[in-house]
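In the two complexes that follow, subunit A is the common piece, with subunit B as its partner first and subunit C second.
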Partner chain A sequence: MTKRKLNFDSATSLLYPLIFGIVILMMWQCGVLHSIFRTDEYILPYPTRIFRIIIENFDKILENVNSSVFVIIIGLAAGSVLGYIAAIGATVSPKFGKGGLTVISAFNAIPIVAMAPVIMNWTKDVSSDAEVRSTVAKIIVVTLMCMASMSINAHRGLNELKPFSLDLMKSYAADNKTVFLKLRFPNSIPYIFTALKVSVPGSVITALVSEYFAEYRAGVGRQIRENILIAQYSTAWAYIVVACLIGIILFALLLAAEGIFLKRRKS
Partner chain B sequence: MSANTSTEIMLKDIGMVYKTNDNRDVTALTGVSIDIQKGEFVSLVGPSGCGKTTLLRIIADLLTPTSGEISIAGETPRQARLKRRYGIVFQSAVLYEWRTVKKNIMMPLEIMHVPVKEREERAMKMLELVGLSEFANHYPNQLSGGMQQRVGIARALAVQPEILLMDEPFSALDEFTREKLHADLLKIWRKTNKTIVFVTHNIQESVFLSDKICVLSPHPGRLSAVVDIDLPRPRTMEMKNTVEFTNLVAKVRNSFEGV
Partner chain C sequence: MKLRRTMALMAAAALIAALLGGCGSEETSTKTTETTETTQATSMTDEERIVAAAKEGKVGNWGLGNEYEIQALLTKYGQSTDYLVQSFDMDGFDDGSITLASAMTYNELGLVVNDYEGGYKYGDSVGIIDMNDHGVAMLEDNIFCKKSFAEQNPNTVKAFLSASLKGWEYACNNTEEAAQIVYEAGSSVSSDHQKYMASEVAKLIKTDTKGNAVSDYGKMDPEAMQQTLDLAKKYIKLDDSAASEKLGTLTLDDIRDTSYLEAAKAGDFGTPEKTDVSIQLKWLPQAQFMGYYVAKAKGYYDEVGLNVNIVSGGGDIGETTAVNNGTVDFGVTWVSNLISANSGGMDLLEIAQIYQRSGLVLVYKK
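Take a look at the complex of A and B:
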């Protein structure tokens, strides 16, 4: 009974946005959007044209996608791991930890457009290869962004325990390592996913925007900008579509992973 | 009491003074002396603020008293805790929602490095004892509150403790479930022969279950009476309607001071 209802819910939650998207695409293709927004097919190319450009430039687009996705994944992984380690540190030593977490979360308040140029400047001497320099800089920007959301959420996950659960551990004479492995870590898993739901889309945006400021011209975000600058709107739109796909696919992967890990937690 | 009984828990002149944030002293307990025999079922009864939970936590070595002496079969509470002589059941079941019922019961055994096969056997034996064998592979959120608390009892017993400490374990349950668990608990107690210290604010519950009731009064928390419950065992629901039962409830109620 509940299973059928669940399937129905998940089906409609996928179906309705899909129908909405198809309707928008049809209005776009038939020129309805153009008359609503009073624009022409040059500024807003038809979906079929955008699709054709993606096919024609597939190799070049893939190259830029690889560059962006590499920055996103490495930055996301590094930031999440460092954020989690910071959360553990703050749990082990609450005295310094609280202040440390505040500093880390302050990084989250700095706009990417302010942080990216500064980091680019700082990493000038990392390598003689411009591509490496730029990649390192972009990864650092993404890392800082992801660190903040992970450290705050993981700290909550490691410390917001059920009443008496620490007493229970103490009554079994469990040491701190055991308390971490058997209680704090499993308790923090849903919070890790909460953090990732913020930082996965965040890392995509951060990577794409920080590409604007990079010395080396690479990445989906940089291509959007470059093509708009030279008025190649169709190509720019092709990269916009690809950028959306990256975000959607990564978020879908995250939801799938959450479904597997937290299958048993929600009733 | 026969000659082979021995003192399991000895509390002598226990005092507990807390410091509040504005640095004032608050006396939670003063001059509490209680002897609990091996295999005895003793209740600590009193209104909120009488320090009954504090006293239980002192026995469990979750708190250190500011004065007085405790001995758990000749050892300090800390030694007893490190040797896992206690099983504790809290107000809530404190089950881990990411583990199945069986794995929740196996958790303390993992910490104790009991071999895997024995862990499984002991967990299943405990589940049988509390009558939940068929729910071994369920997750806690699939169980009712009463069943969850029974899993909590099974987990406490799985470490094979000499002493079972229970802190208002049934206070969150409805009357029907509570009466069912009273009967279950007495059955388990008879089978396992544990020393049980049971904290409650429910006088009827304590009279029904206990050999001995320690009545605590608040402000400051102190022992105002010890009432022996000489109702025959096994206890049955019908006993609750007898004059003896009612008299004992009245006797306990009249022992409170300053409420």
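Take a look at the complex of A and C:
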């Protein structure tokens, strides 16, 4: 009985957004959206035209997607690992830690549009190949953005332990390493996913915006901006749709990973 | 515990030091190669310079619709059309990461050469490659509006052109005063740079792509317009096949109409249908657009019964979009931008060509 109910719930939780999406698409194609937003089919092109452009330029779009996704994944991984290391550091030495984390989280407050040019300038001498140094710069920007949310969340996960659990470990004379491996690390896993839920969409946006400022022309974000500036809204929308797909797919992967990890942990 | 703490600190410090040290040492190595290159490169022709910079991948442009002349130039000398994306300052040129940097004669070139505030003080130690000399010039700043707006408000369009051209004529003959007017109207740059810009802009308005003097302000020279359209068709790459097809079929009649200009010059127009109008500039307030500021300050717009609001550009919403939306009535754009906008489905019309020659150059260190 419960199993069947669960299936029904998960079916509707998929069905309702799907129906909602289809209704929006239909309103869009029929021009209802245009009259709501008082815009024309030029600024907001019809879905059929957008999808035709995606199909016609599939190879070129894929090339740009590769460039963006590479930056997103590497930056996300590096930022998350560094953020976690920072959280461990802050746990080991709380005196410096608190201040250090505040500094890291301050990076989160810097707008990407301000940080990207600074980092682009900083990495100018990394390589003589513009593509390499642009990629490095974009990765660093994404890394800095992801570090902040991971370090703050992981720090909470490493320190907000169940009452008396730390006392219990101490009463067993567990050393720091054991406390970390048996208590702190497992306790931090849900917090890691909380952090990733912020930094996955954040890293997509950061990567796309930092592409605006890169010396080397590549990436989905760059294409969106260039096409809008030369008044090619249909093509820009094709890339906007692709950017949304990247975000949705990465987020879905994250949710799937969370399901696997947290379920295993419960059982 | 204490030991571990210091170890962690040391590791972090070592990492940061390695990162900074690595960057620092590479910086010095690139600087030394630069100096040897510049000493060799004193007596090269334009073509040799273009080929050398293209081979190194060090030709810079801002992109975003400003790159077509550079791509045409690179193609002319058998190079690939790839270029480095240049930021809106000249730091990339200054530090040598770009050896052939795009510059507008009236703006970036002045910053490179001059020693006033914000200048890079290069003086005569830099040379330029002029697009006009290499037959790849495309026309830039014009005045345009929506085709339907022109049809519905012909007298407004003619009156606006008449007063604007009067403003341009006065500005070109009195550049210092014009620069001062722009500066007082809310300039984005220093007053010294504004004066430099005004004098350089006047040259672009009074000389055509072949170097001949122009007295007929605003004229749409068919030959220069056709060259612009031909190069646009070749170098504007549109992913949207519908837009790309339309680009291929565009003719001059699809992008400009000379009748409004002729009537404006003859003074042959009645009372404006719409009296409160606005013009969207392509960029921030500066002497690049001095004609409109002068026409407003000197009351030329009032004389023809118009109340004109000058809207500064520089944001991410392009002037073509703003005019097509009806947010503003007139706009200043480059002809190539108007061509790509019309290919994408906008219905814009050039009504006057203010700049008679290309202001784009590639600047290099001698």
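By our rule, the second predicted complex is superposed on the first by the 254 of 267 C-alpha atoms of A that agree within 3 Å, B and C clash if a C-alpha of one lies under 4 Å from a C-alpha of the other, contacts with A are read in each partner's own complex, and residues count from 1 in each chain.
Here, a contact is a pair of C-beta atoms (placed from the backbone, for glycine too) under 8 Å apart; a residue touches a chain by one contact, two chains touch by 3 or more.
Everything quoted here is computed from the prediction, not taken from an experiment.
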| said: Quick check for you: in the superposed arrangement, does A:103 touch first (subunit B), second (subunit C), both or neither? | reply: neither
Exercise. Taking the superposition as given, does A:118 touch the first partner, subunit B, the second, subunit C, both, or neither?
Worked result: neither
Message: Quick one: is A:257 in contact with subunit B, with subunit C, with both, or with neither? Answer first, second, both or neither.
response: neither
- Is A:30 in contact with subunit B, with subunit C, with both, or with neither (first, second, both, neither)? neither
| said: On the A-aligned overlay, A:132 touches which partner chain: subunit B = first, subunit C = second, or both, or neither? | reply: neither
Quiz item: Just subunit B (first), just subunit C (second), both, or neither: which does A:164 touch?
Solution: first
Counting residues of subunit A touched by each of subunit B and subunit C, the higher count belongs to C
### Query
After lining up the shared chain so the two structures overlap, which partner does A:172 touch, if you call subunit B first and subunit C second: first, second, both or neither?
first
Tell me the contact category for A:183 with respect to subunit B and subunit C: first, second, both or neither.
first
Subunit A positions within both the subunit B interface and the subunit C interface are none
In the complex, the residues of subunit C that touch subunit A are 1, 4-5, 8-9, 12, 23, 26-27, 30, 57, 63-65, 84-87, 91-92, 95, 97, 236, 238-243, 316, 318, 320-321, 324-325, 337, 340-341, 344-346
Listed in rising order, the residues of subunit B that touch subunit A in the complex are 57, 60-62, 81-82, 84, 86-88, 90-92, 94, 96-98, 107-108, 110-112, 139, 141-142, 159
In the complex, subunit A touches subunit C at residues 42-43, 49, 52-53, 56-57, 60, 89, 92-93, 96, 117, 120-126, 128-130, 176, 213-217, 225-235, 238
Subunit A residues touching subunit B in their complex are 162-165, 167-168, 170-174, 178, 182-183, 186-187, 189, 264-265, 267
